[in-house]
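Before anything else, here's the structure in question.
Letters are used for the chains, namely A, B and C, taken in the order the chains are written, and counting of residues starts over at 1 for each.
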Amino acid sequence: MAHPTESVSLQDKNYFLVRRLHSLLGLVPVGAFLCVHLLTNATILAPGEAGGEFQKSIERIHALGPLLVPVEVVFIFLPLLFHSLLGFQIVFNSQSNAQQYRYGSNLRYTAQRTTGILAFLFIFYHIWQMHWFGKPVGGGAFELHGAAGAATGAMTTAVAIQQAWWIAPVYAIGVLSCVFHLANGLWTSLITWGITIRPESQRVAGYVCAAFGLVLAIAGMGALSGFRTFDVKSPPPVVTDGHADVTSHGH
Amino acid sequence: MSKSFTVTIQRQDDPHSPKYSESFEIPYEPGLNMTTVLQRIAATPVTSDNKSSTPVAYDSCCLEEICGACTMVINGRVRQACSALIDNVLEESAGAIDVKPMSKFPVVRDLVVNRKAMFESLKRVKAWVKVDGYHDLGSGPRVSPHEQEDAYPLSKCMTCGCCVEACPQFNDKSPFIGPAAVSQAILFNANPTGKIDRDERLEVLAGPGGIADCGNSQNCVKVCPKDIPLTDSIAKAGRDTTLYKFRQFFGR
Amino acid sequence: MGKQNVVVVGGGLAGLAATMRLAEAGIHVDLISMVPVKRSHSVCAQGGINSVNEYTRQQGDNEWLHFDDTVYGGDFLQHQPPVKEMCDWAPRVIDLLDRLGVTFNRTSEGLRDQRRFGGTMYKRTAFAGATTGQQLIYALDEQVRRWEADGLVNKYEYWEFLGPIVDDQGQCRGVVAQDMFSMEMRSFAADAVVLATGGCGLVFGRSTMSMICTGGAAARAFRAGANYGNGEFIQVHPTAIPGTDKLRLMSESARGEGGRVWVPKKPQDSRDPMSIPASERYYFLEERYPKYGNLVPRDIATREIFDVCVNMNLSVEPGRLCVYLDVTELPPDTQKKLDGILEIYEKFQGDNPRKVPMKIFPAVHYSMGGLWADYERNDKTGGMVMGSLRNQLSNVPGMYIIGEADYQYHGGNRLGANSLLSCIFSGLFVAPTIENQLASLKDGSAADAPSSLFEGAVKEHKQKTDDLVGNQGDENPYHIHQELGDSMTRNVTVVRRNKDIEETLSKIAELNARYKNVSLSDKGNWTNQNLSFTRALGDMLLMAKVIAQGALQRDECRGVHYKPDFQITAPDADNPKELRKQATTWCQSFKKKNDQWLKSTIAKYKPGGSGDVEFSYEDVDTSLIPPRPRTYGLKGAEIIEEVWREMLAAADNDKKAKVGA
């Protein structure tokens, strides 16, 4: 409604590019990373030695060695930051009327914005709590290896999750927000990019995206319950191959 | 039977005055619609508590739901007053009716709002066929029945404002031009002659306030009184702008 | 020297057509309209727009036949040259609309599809879904918006025309208009003023017309000296849905597909209509016209429905006039074909017409009459001289009349799908005239006229408005309007009897007196719709007088003007010889009637009096097609036509003999 002013800002000049980039980055790499992350975490439920399969999975990721940090920054943190910042602008420019017009798509519209904010807050908390970035400010609980090369990936995660009663519910809300935001974002991006045009194709895409979201939600909740019920008193197995010194700062 | 019902109207004397609400008691009769109720109030502007007031200002014209004038928010839902039958409206709200002006446009007075912004948007997207002139140049291009069936529903847009009123993306903070204008751009891009200016329209749709500002709440298509497939137009605009930008990037 | 400027009042099909065509010629236009132009009444036209086309040509159709159908349908009351010119241009008008992107329905080959309409044997009507008027006006609106973006057109939407500004030499120099939001009043200087202000259905209270069709603008031009032609010719559509706010059209196709019209034999029978047995139903059209049944022509259906309700008091409801139009007995497949129109009924009435008979009643639909306009005859073609300074010009120099506001295209009755054509044609055709007029102005532009002229005009309107707002009385304008509408509808629509019309005329006089005591419930100075309506009410009372007085004075039957007391007695003999004798008498009466009444009614405002109107009669140019009787439904129609041809031939021979001698 407000007409753009005469002076064209840099964002206005590349308006389309910026918005499309926002949509794209939400899917790849951020969305793709979420899938990998949740599926990896779900390996906590794998049969066999407790946390063994999970440890193997994360060892594979950490095999990147010194490259891991730049990869994380370029392919996860920066895209996520861009998606979030522009996302906040989008949220602030919207005027939800889900109370007034209670159509499914309108409720999803509002939910997309709400889950976006929840996801952002949760990810912020999650990084502080788990990532070594958080260490200087009392977080950074996750350790891939303990003393003497003990495999502590699952153990440190579980300890952090079980530290207080409210942490697991916070994770549940946070993870489900991320999952909804991705699945619904996938559905809207199919419209945004002009792939699903007719209502019928949008309906079909809706079912597919819902199924996709359901799978991710199950994976995420499964992982959470896995860590929630992980026996933190059992001694961690010792890792035999030797990356311990390099990646002791965790994931 | 002297049944009656209450209509509560949000009023505002002019753009700078405060809003207030007034209730009117209307004797029931079968077949009433909202415009008749407003006509009755105009004839005898006396409120429920017996104070004489002024007629409620409102827009109306054809009363057949084809001119788009009488859009207002009745019981929280934007619609045309002429096709809002009182029997149906009363059913929604258990005997009382609440009427407000559209919230996305500046109020002129009472239920009259200024929808100039919508017509300005039509200018921005160049919603016309740029013919050479109005002298006789023979008939227009051939159009298949299929193309006509696609174009006709889009061409029924009466710029009533329902779609933008219900659109959470159309507001003071956002530059979005709204579903109606997007759909008109798509209509003229599909016209055999209108196609010639396609890129100019897509450039507008790719810019600030264009298609990227749609949030896919899809309220527009649900409140449209003419059942225009607005979300089809929006998705097409998404596809066409993407392809256009690719073409532009790679030098056509 | 100021810039030349044209003011177009009214943004319907005619006004927009004129505006875009003038802008194309580089002429600046101020377009004044009470509503955003996209909302003009033209949007309500459903059926289509007529022109000869390649398809009908191959069946023997041509422009002349379209012209003939139009003047025959209009009962020869039109000057023929403008009608001929319009029909000649029609195919090109449709081509232009096609190029502008109108979404006409298509054949499988991608050509424009056509349908057949009343009053012709040919499929001449191009259409766009069920909303042709809407589609046409949008195409023109888009073109005007294009010129607006280029700066050649300034739109003044939500501005109300208050009157023309006429200087001491009688030349129209502009208009005074009022912003309906801020109530600001100002003058617009113009070298030409074009009035495209539509019809006056609201004079009849509720009609099929939009809320803006008060005839207010025409009345204001009339007061300023413009003549009004054929005011009494008001078309009534037989089947409309009587709503509490307006009357909405119900298409003829409901009867075409087998819908039956009836009323309960017991007046205002309160039983559920479905429970009334056939023996207690009066299928009056079927009983009175066994041959045509429910598909009698429009005017006859209208008269019979009216007769049953008003004269026999058999209206279905006690409070309002209506009869049943019943499609409940039709098989589901047939009902499905009618879905589009049945949905309109359901949407606005809330009843399902597949289960309950529809309630319908005739409704005022179109004003054939309007402000008087001139033309220049082209003796070579029989049409008009393109660009002539006289075309579409009113009797006030500098003021042009087009569209439904103009009296000259439809005579005594309008054919379906000819109105959209006349609106666009007159709008396009007035442009070269105005171009020539502006070029001929040697003394600069209207803007150079003394400012006192414009200031004086605005002051006068301000005074009138202040007087109206300040009026202390106890009359309610809405109630006066209702009484006016009731009386006009009852006595001056379908069946007209002089004593009834006289009753309405005295009612109008009474209402005029009461109007002087009218009191506004809103005396404010911001978006005062109460003021706008009350001002228009004064104009409606004047238009009512023009219509009713014209109807009273015209003692004949012609087109839609039906006076049973002045009907020529129809032949009824069975004996061929006797029948021929009666036919001869009939034709003699017909000739006598034409000698007296084949004339346009011209009303002139007589200032100074108490809103009095002076009438005169103008000969009609029937030089191209000699008038002939409309014999539809008459016994011995063929004999009458034969006798008439013989009489014409004899008259012709007489003339030749005289010339020879």
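Definition applied: a contact is a pair of C-beta atoms (placed from the backbone, for glycine too) under 8 Å apart; a residue touches a chain by one contact, two chains touch by 3 or more.
Keep in mind that this is a model prediction, so the values were computed, not measured.
Chemist: What's the contact topology between the chains, one of line, ring, star, complete, other?
Modeler: Looks like a simple chain-to-chain line, open at both ends.
Chemist: Can you figure out the chain closest to the middle, judged by Cα centres?
Modeler: Smallest centre-to-centre distance to the global C-alpha mean: chain B.
Chemist: Consider the two chain pairs B-C and A-B; indicate the one with the greater count of contacting C-beta pairs.
Modeler: B-C
Chemist: Measure off the straight-line distance from the CA centroid of chain A to the CA centroid of chain C, and report it in whole Å.
Modeler: Whole-Å distance between the two chain centres: 68.
Chemist: Between chain A and chain B, what's the gap in Å when you average each chain's C-alpha atoms?
Modeler: 40
Chemist: If you average the CA atoms of chain B and of chain C, how far apart do the two points sit, in angstrom?
Modeler: Averaging C-alpha atoms per chain gives centres 29 Å apart.
Chemist: Can you name the residues of chain C that touch chain B in the complex?
Modeler: 20-21, 24, 35-36, 38-41, 43-44, 92, 94-96, 98-101, 103-112, 128-129, 131, 134-135, 138-139, 142-143, 145-146, 148-149, 181, 210-212, 243-246, 248, 344, 347-350, 428, 476, 478-479, 521-522, 524, 526-527, 529-530, 533
Chemist: Using the touch definition up top, name the residues of chain B that touch chain A in the complex.
Modeler: So the residues of chain B in touch with chain A come to 76-77, 104, 117, 166, 168-176, 206-210, 212-219, 221-223, 229, 231-232, 234-243, 245.
Chemist: Could you please specify the touching residues of chain B with respect to chain C in the complex?
Modeler: So the residues of chain B touching chain C come out as 13-14, 29, 31-33, 35-36, 39, 42-45, 52-55, 57-69, 82-83, 85, 87-88, 108-110, 112, 114-115, 119, 122-123, 126-131, 133-134, 136-140, 142-145, 147-148, 151-152, 155-156, 158-159, 188, 191, 193-194.
Chemist: Mind listing the chain A positions that touch chain B in their complex?
Modeler: 1-4, 12, 15-17, 19-20, 90, 92-97, 100-101, 103, 105-106, 108-110, 112, 188, 191-199, 202
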